[in-house]
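Chain nomenclature is as follows: A, B and C, assigned in order of appearance, with residue numbering initiated at 1 for each chain independently.
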Amino acid sequence: MYTFPHKNILDADQFTQEDINYIIEKTNQMRILEKQGRAFGLLRGKILASLFFEASTRTRLSFESAMERLAGRVISTVGFQFSSISKGETLFDTMKMVEAYSDIAVIRHPIEGSSRIAGAAVKIPVINAGDGAGQHPTQALLDMYTIISEKKEIDGLTIGFIGDLKYGRTIHSLIKLLRYYKVHLHLISPKELYLIDSYKKDLEKYPITYEETGDIKAMWECDVIYVTRIQEERFPDYKEYEKLKETYKVNKEMILASKKDTTVLHPLPRVNELSTDVDDLPNAAYFRQAKYGVFVRMTLLCLCLGVEIPKAE
Amino acid sequence: MYTFPHKNILDADQFTQEDINYIIEKTNQMRILEKQGRAFGLLRGKILASLFFEASTRTRLSFESAMERLAGRVISTVGFQFSSISKGETLFDTMKMVEAYSDIAVIRHPIEGSSRIAGAAVKIPVINAGDGAGQHPTQALLDMYTIISEKKEIDGLTIGFIGDLKYGRTIHSLIKLLRYYKVHLHLISPKELYLIDSYKKDLEKYPITYEETGDIKAMWECDVIYVTRIQEERFPDYKEYEKLKETYKVNKEMILASKKDTTVLHPLPRVNELSTDVDDLPNAAYFRQAKYGVFVRMTLLCLCLGVEIPKAE
Amino acid sequence: MYTFPHKNILDADQFTQEDINYIIEKTNQMRILEKQGRAFGLLRGKILASLFFEASTRTRLSFESAMERLAGRVISTVGFQFSSISKGETLFDTMKMVEAYSDIAVIRHPIEGSSRIAGAAVKIPVINAGDGAGQHPTQALLDMYTIISEKKEIDGLTIGFIGDLKYGRTIHSLIKLLRYYKVHLHLISPKELYLIDSYKKDLEKYPITYEETGDIKAMWECDVIYVTRIQEERFPDYKEYEKLKETYKVNKEMILASKKDTTVLHPLPRVNELSTDVDDLPNAAYFRQAKYGVFVRMTLLCLCLGVEIPKAE
């Protein structure tokens, strides 16, 4: 019998296909339990330490909401409030403190690899909520869950990634989950922002297939598109950024011209790469995505804490 | 039969006299329930998003306390923590996220009209906790409730407003509630800070009456005075501010000289327009006002969420 | 029969030996209750106002965790969020507001004596979580409790204080608790940082004895050492600080060379006065100290609120 083998959620890489399927199955249960009012109480008496060494309102509130929906409690701190850090405390020592005060921790940190250090320091579960240019595995899981919820099945889908494939952390993490499935990818980006070779090389070992293009019209072949912001802060040259960001924009007209019933995902926040005139289309799944994220995180909190999620009736 | 018709609390203008009387009646019930320990539990399992795009400790803690007193949960964020906003996210998108994470939202925002935009963006109830120079309706309701609690009845009262009647947001909102009642107002302020004409014109259609004066001694005719701070930030010329702020000060001597048993309200924080030697007088209602505020907000949270407030026994 | 006589926890000075013994006894009970899952619920429906006028993540999270472990609720605010203060509000007025919103308050403030002002302003209990160069009584109690938990008994112990004895607030507070017991102190510090005379003079009236030395090897005579950081911010001359901080360092080699089974305490955060190679020794009690701190604070929250802590079975 399968048992969820992970204490920590640190990296999309850590999951087998069996893990992913299990998380999705359990999230489906959780979603029904929540609807029936039976989720509240599952983590009664447990405390989540919400540790945001850099601000990320969306992710923080999503985790805190997930914990509260289970009747758990939250102690929370954000960036500039880490007075001990400013006194020179190491992350190891900070985590030893956190371990004394809580049952599980979520950590967001500007430096890649921080969550691994945090997880190794303590016996309580640690969930990576994004560390620098590194991983953001719960985002990947909620993206995956969104696709399944919207399309029923992953196998057979054509999925387009649009925008910044070179630096886009959420894309890298999501591809690591999708690679186990019979999925075809359109990697749509300017050459300067192509997915880096090591990621592509990795895909060769898996059922997933892909093609690369600079032409945004490739989105018309896709069942799902995942649109991302081209982030100014990644570019040393502002002019280069300005030019690229104008090229990759998705709007209503583009969606309606698609050959397929294209579902639109976006990790948010968006700026102008995704037009607001898409919002009213049934294709727009990015606001529903936020809701799915809470269910996924409720599930992960329970799984990491070893709390059984009852069968939905 | 009357049913509370509002999803959102955005503007004191939105209330009919029937609404106001209903809120006051329900707050009276809530106050007894709280005393009997029966309020705790009314919002169990509900999550309040406390969204303070600008800091306002008093209002934020009052709402969060109200939610916790009902056994509800709070997810909270203040100004500088809105990382998504700094990335260029619109209020509409922020609210779509909040909708996925919570059951009701309280919003404080520096820009007038923000709460209306927020309320229109989502299906969950939105309560305006002050938006720029605009409205602060829950403050008005708690002021109103304070007057009733201290004086038993509104009709027949003479009420003085002292200080900054031109820019004073709390005064504008409170007058919009009082206008339905047989109340006489003394509008006591320097000419430069007189209540603006549109507000006065509006009053002509209602039972309320008023007179204007620059003489602070008019407070001696009042059953209730509402003292406000003359805010430096409203004045381009600092000298003008200095001169005016010295003129409108209330102290113990002034209260004791009153012809009536004058009850003193103040929205707080005060600076030097209200002397601390008033604090020990039974007339000083401004600290009790903070307590009444929690009852009013507990009531509004329940009403907006459609949760019935049981009859007190 | 003994009844805990304190509404407020402001100063280690306020406790008699009987008080201290009672707190320790009750903390022992609380620790068992927590283990049995019976602590959760003791403060259901109560609200703690967590008021950190300056940041102190460790202390804040410890108190908030303690409150949540008892099923209490927390409303929280840190430094820069005190918008009312920036508008010129006094601490007295702020506390009057807090009194309306909560059942008990914890206050951290940069100015010595602030917590006393806060406690006098309101009827709800106030706990001092550190005020400037003044007191930090709950830290002293948790240090005391750590010593007892690690060594079973206080009487007969030789305890070394190492580092900054002149400015070290936690040391001053702890000595005030230890003075009632048959304890011998080694005060180990550079001459510039000797314990000030008034503290030493005070000790003459009590069973406690002490000797002073500049030689860190005196730690080898100690059952317990309490290591503290030499704080840069206390020194006008940076060079003087640099020199002193190198002299008083504790590492694994030093611990293993001790004549006794020396238990190591540290209030944390540490910088380089306590080497990480000590962490794996059973002597290292400083991470357990954080856990004990939660039990002590759970106990104090109940005692101040007059909530009985049931006998552990």
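Note that a contact is a pair of C-beta atoms (placed from the backbone, for glycine too) under 8 Å apart; a residue touches a chain by one contact, two chains touch by 3 or more.
Keep in mind it's a predicted model, so treat the numbers as computed, not measured.
If touching chains are joined by edges, the resulting network of the protein chains shown connects every chain directly with every other.
Note: Cα superposition of chain A onto chain B, rotation of 120 degrees, nearest 5.
For the touching copies chain B and chain C, the fraction of interface residue numbers used by both falls below half; the interface is of the different-residue type.
Mean C-alpha positions place chain B and chain C at a centre distance of 40 Å.
With touch defined as above, residues shared between interfaces to two or more other chains in chain C number as follows: 80.
Interface residues of chain B facing chain A in the complex, by the touch rule stated above, are 44-45, 47, 49, 73, 75, 77, 80-84, 87-90, 92-93, 96-102.
Interface residues of chain A facing chain B in the complex, by the touch rule stated above, are 37, 40, 54-58, 60-62, 64-65, 68-69, 71, 74, 78, 80, 229, 268-271, 276, 287, 290-291, 293-294.
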